[in-house]
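Common to both upcoming complexes is chain A, partnered first by chain B, then by chain C.
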Partner chain A sequence: MERKNNYKAWLYLAPILIFIFLFTIFPIINTFIISFLKNYNYATGANEGFTFENYGLILGITERIPGVSESKMLDFIRYALPNTLLITFVSVPISVILALVISILLNKIKVLHDLFQTIFFLPYVTNTIAVGMVFAIIFSNTGLFNNIFGLGNVNWVQEGLGSTWGKCMFVLCLYVIWTGLPFKILIFSSALHNIDQQYYDAARIDATPKWKTDLKIVLPLISPQILYITITSFITGFKEYNAIIGLFNRSYTINPNVHDLYTVVYYIYDQIQGTNGTRHLEYAAAGAVVLFVIILIFTLIQMKVAKKRVHY
Partner chain B sequence: MKELEITTHLTLIVPGKNRSVKNAEKRDKILHGIFLAIVYIFIIIFAFVVLLPFYYMIAASFMVEDQLNSGAFFPSLANIFETIANNYTHTISNPSFPYGELLLNTLIVGIVTTASSLLVTILSAFAFAKLHFKGKEVLFTIFLATMMIPGEMMAITNFTTMANLGFVSADQNRLQTYLALILPFVSNVFYIYLLRQTFMQIPNELYLASKVDGKSDWQYLWKVMVPLSSSTLITIFIMNFIESWNSYVWPNLVILNDDYNVLSIALRSTTFQVLEHEVWRPVYTQQMAATVLTTVPLLLLFIFFRKYIMRGVERAGIKG
Partner chain C sequence: MEIKLVALTKKYPGDVKKGIKDTVAVDNLSIDIKDGELLGLLGPSGCGKSTTLYMIAGLKDPTSGEIYFDDEDVTDLEAEKRGIGLVFQNYALYPHMTVYKNIAFPLTNLRVSAPKKAYKALSYKLILDVISDRERLKKATLKSEIDGKITKDNAALYIAYEYSISKYLAKKIFSLGLHDDNNKDKVDEYKTYFEKKLQEEKEKINSKQKKIDDNFVYLDENNNPLIVKRKLTKDEIDRLILDVARLVQIDEYLDRKPAELSGGQQQRVAIARALVKKPRVLLLDEPLSNLDARLRIKTREEIKRIQRETNITTIFVTHDQEEAMSICDDIVVMKDGKMMQFGAPQDVYKNPSDLFVAKFLGNPPINVFKGYIKDDAVFIGDEKIMHLDHKENYRDCYVGIRPEAFIFEHDKEYHLTLNIDSIQSTGKDTSLICSHPQFVGDQLKVVIDSDSNPVLGKKDFALKYSKVYLFDMKDEKRIEL
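The block that comes next holds the complex of A and B.
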């Protein structure tokens, strides 16, 4: 009986095992290998042996060999990594706090509660590219944002046409916060909803002011969710890419050799896409491994913290 | 009875002018009302900010170009129907934005990805939830571990795989394009995790009962487990479909033949422009009409399946 079940189970698992091996497990190992290959050719698999140079080059440690054709490889350490860190460390705290405030307020109302909950969830299902384009229109030099705030003819999103790196980053962070809110609000709301009424009753008997109840009782009770959300937001923040394409398109500068809006994932895909037909998968792979290490660190922190802090 | 009367007429005198319990209660009620009003005002402001891009997307597609370029908030009502018709017909007649064709490709890729993924997920979730085999825990842990690895790691090799299979090239045919778009997304560990949880909640007694009835595992899975888990299955279907509809990165890498383009790629790469005084000028109102055409089908799906989607995402968050 045991034995029979055994082989049957593997039959049920066969399709997923095939797909997960071909498109998940093998790629992980293979990409790791590619990141250590010199001058890897994706079509033939040809390479010039094992090297650490790909990492050295994208991280700016290895000097560039003179004569190597103009490549974007250095932009990883120059733009991609700093931009990604900036976007993440600016947008995550703001959006977590904002989501907390909105969820706490939302938890206080009964009339129209479901309607507002749905509205706040709406950005989750939308196409990041499409709404990014709407943001670009709102923030164009003759757009709605300048008009409402009477700012005149400021160009926010087109770097070639008067906008700067700083202004682009400002709009980008706003957009990243906007897209990140719905998930956080939904998780916080359901955590707040699950808090036992007795905590509120106890606070009321003690005549605790409402703001104090929120600060001293409610927040600690949902602290596991806050931690979870913060760390997962960091992880998604490190993968930011679609928002940039939506807002700025791929050709956002007059000078095609300046990529000051790169993020790590943007860099990776641009290296796969390549310039003038030459794809640099080895640099993309090295970038992906760096991203993986960053995400791994955050995941480990999350696991450690979750073990300590979860209370049922 | 008498006692009760006394209590109802009792007035607690608090030092100070007019400070009875009644007044205090009244005061509390008013304060609470003010408090609620402030809460609502804030919520409405936040809701306005969240909805603004959606509103403006639609409003902009109802404007004439000059109006949009003056930062207007409302489309002008003069000739509005002509403006709408004009914007939308120009948008869908743009050769780089063949809406029907794009919609068809996006739908086919979305439905086939989702359906095949669902089938594979049901089979594996059943094995993980109800069958016994050696190495089950280890295998499931490996599955879960792959979830924290960024998709970019897979994308690089998957790209070479698809290129070496000949699916990615400028003269790719329809089937090759679809396969390149679908194959890497058939397996999805998170959905297996979600469905396994649901399957595990189904009491084992049902399984034993069906054994007594002489049903095989296969029949039990499709006749009992699947119907009982329909709400989780719908959640998975919708979430998966939305993901596929909105994906940009992978399609952008593997679609080299524009004949088989999908919506989000065409939306971003098409330049809607008109020739004016011998200069090409971008037409943002048409671009916005295109974003409306891309976003609205999903919004409709969301409105119909709101409960399933929100429940699924909620469970996704609680897993952590």
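The block that comes next holds the complex of A and C.
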């Protein structure tokens, strides 16, 4: 009875399944394959057979081949990976905690609640590149940030013009935190909104201090949403790319040889695009697989931790 | 504790612009609730009974009127300071905490004025008491055996109950292994050890220039117990939880999460959580509505038992008249925020003050007919159904006849003829579904003795006058003749 009309369901699903296979499944498999091919030619598909060398090269294990230093393959292990980890592990925890605090406070106020909610959600509908450019202006040497804090003529975002890696990272993390907030606040707010008023009433009857209600009752009740947000934020953090373009793109036009602000995804794009006409899809593929493995490991760890602490 | 409601009113303001009128949820309600009483607030949904309960709890503010706990005016007192226990309709158990932690939660917030004790010395003393009688300890421990195995947690629970000590201390004692016959000789060894420890502890206290009495309570300069404002200790909390868990019979489930319990068990946990802090008043909001029929009857007996044992003033909100009738000392019947009648359930049932109360109480419900009073008799249609002692002026009225008021006998002069449409036998008695042209309502039901042998068709019934009520056509108030 249940199986009789199965083919119909498959038929209806066919268009989307074909697209998913063509543009998601196949590229994933292909990426795995390419990452193991030596000197892969993106146009003809020609290669020199199976190798682990691509991984060895981008991770700095295998010695560099003399004469191909312009591929800058070492930038992966030297800049892209450390930067990505730094961005993720600094900005994600701060952003999640900040979003939680804001959501809980937002949930408590009655007056102007809707207005504040809109304000907090506005960044979500703004183009990230545009936000990045605004940030770049705010943090330029004559920008708002210097003016507000009276810091004088500090250049924060233009590496070629006096900024340093540290300053750029500071602005970058700030940017990632800020742009990440609205979606998190939206999810947390709706989760908080769905908590049964009876839990608050029960806590009140039991003379629970407000902070204790938030910490011991409210947080555990929205723990599934916290887990969801944490995992997706980590994944987004690992994939950070837009921010670099929006914030620092100009510095590359001034000094195209400085790559210390690379992230993993930026590195991958650069390898695909190629420098000086040489494209290295095999390095890009290897970088993508490394990123995949990192994300997988962290997600599994989070799921494991969640088993004990998340209450559905 | 007595509770007094004086002209309590709750209005929800409407919106003049949108033409929404004010909603009066509770209207000028005055009730005196006696100490240790189980009071039922009874009424159809939307009658304001839950609102009344929440105002007593302090979760809703009354628009006007006052609430007194004994002589204390608590109208403006915050909920957390009223010292009440509230059982919510959906229990509102914290899903992420075990049953134990759920019950412990209110206690962790509590600050009590209590004597300061020398806890360490006290615990040595308790251990000494327990191990002095090895046989008793062995017996208590062996009782915890399940499938020939003794686990630490389970044994500790049994020891804790046997000696009224905390589970933590019981675990410590269990770890000594004295229940095992192989360790028989070690009793004296342990005794000397703990006696020495106790002595050391006492000397330590003495060396600090402090005094304690025989119960290890610190004394002040005048040798009075030293009372301090403090939080409950872990051991005290544990003791209270074990006691209340036993009272509501959930001691086996303390380590489970609420989701792993049945509805009835969750209900008990909710009651335990409300009772554990020894509230001055216990409020129950439709506590049985989420249970199935059988469990409902069992649980309501349970509530009554717990209420009797604790003798705590209890207010119970329900829309189920049977529930209220069966366990409450007094009931308040409410309609549209107003109190319709107050009294003992049987009195209210026997003497309803108006048609609404008469209709609301009783299962199956009362049968209402359109009738009239003429001379010295009550008529329905052309039939005289009841004799009156004196002559009355003609007036139309509603006649309410309880299903059990019909007598399966023929009476020449005063009777009511019904058409019997169907017969249902429940074994104990027989219900007849009947019809009559003057009947108002859904179903005319007559309950008679199962010995009678009714047949379908027309039949005239004599009536028990005490179960026939007359109500005014206009204001539906009872007509007393």
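Throughout what follows, the second predicted complex is superposed on the first by the 285 of 312 C-alpha atoms of A that agree within 3 Å, B and C clash if a C-alpha of one lies under 4 Å from a C-alpha of the other, contacts with A are read in each partner's own complex, and residues count from 1 in each chain.
Just so we're on the same page, a residue touches a chain if its C-beta (ideal position, glycine included) is under 8 Å from a C-beta of that chain, and two chains touch if they have at least 3 such contacts.
Since the model is a prediction, treat every value here as computed from it, not as a measurement.
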item: First (chain B), second (chain C), both or neither touched by A:291; value: first
item: Touching partner for A:22 - first (chain B), second (chain C), both, neither; value: first
item: Which of chain B and chain C A:221 touches, first, second, both or neither; value: second
item: Partner with the higher number of touched chain A residues, chain C or chain B; value: B
item: First (chain B), second (chain C), both or neither touched by A:142; value: first
item: Chain B versus chain C as contact partner of A:30, first or second or both or neither; value: first
item: Chain B versus chain C as contact partner of A:212, first or second or both or neither; value: second
item: Partner chain in contact with A:62 - chain B first, chain C second, else both or neither; value: neither
item: Of all residues in chain A, those that touch chain C in their complex; value: 196, 198-199, 201-202, 204-209, 212, 216-217, 220-221, 223, 311
item: Chain A contact footprint on chain C (complex, rising order); value: 57, 59, 79-81, 84-86, 88-90, 92, 94-97, 105-106, 109-110, 273, 277
item: Chain A partner contacts - residues on chain B that touch it in the complex; value: 35-36, 39-40, 42-43, 46-47, 49-54, 56-57, 60, 68-73, 119-121, 123-124, 126-127, 131-134, 136, 139, 142-143, 146, 148-161, 163-164, 183-184, 186-187, 189, 192, 217, 242, 245-246, 248-249, 252-253, 263-264, 267-268, 284, 287-288, 291, 294-295, 298-299, 301-302, 306, 309-310, 313-314, 317-318, 320
item: Residue numbers on chain A that touch chain B, as the complex places them; value: 2, 5-6, 8-10, 12-13, 15-16, 19-20, 22-28, 30-32, 34, 42-43, 102, 105-106, 108-109, 116-131, 133-135, 137-138, 140, 142-148, 178, 181, 183, 186-187, 190, 210, 225, 228-229, 232, 238-239, 241-242, 245-246, 249, 265, 268-269, 272-273, 281, 284-285, 287-289, 291-292, 295-296, 299, 302, 306
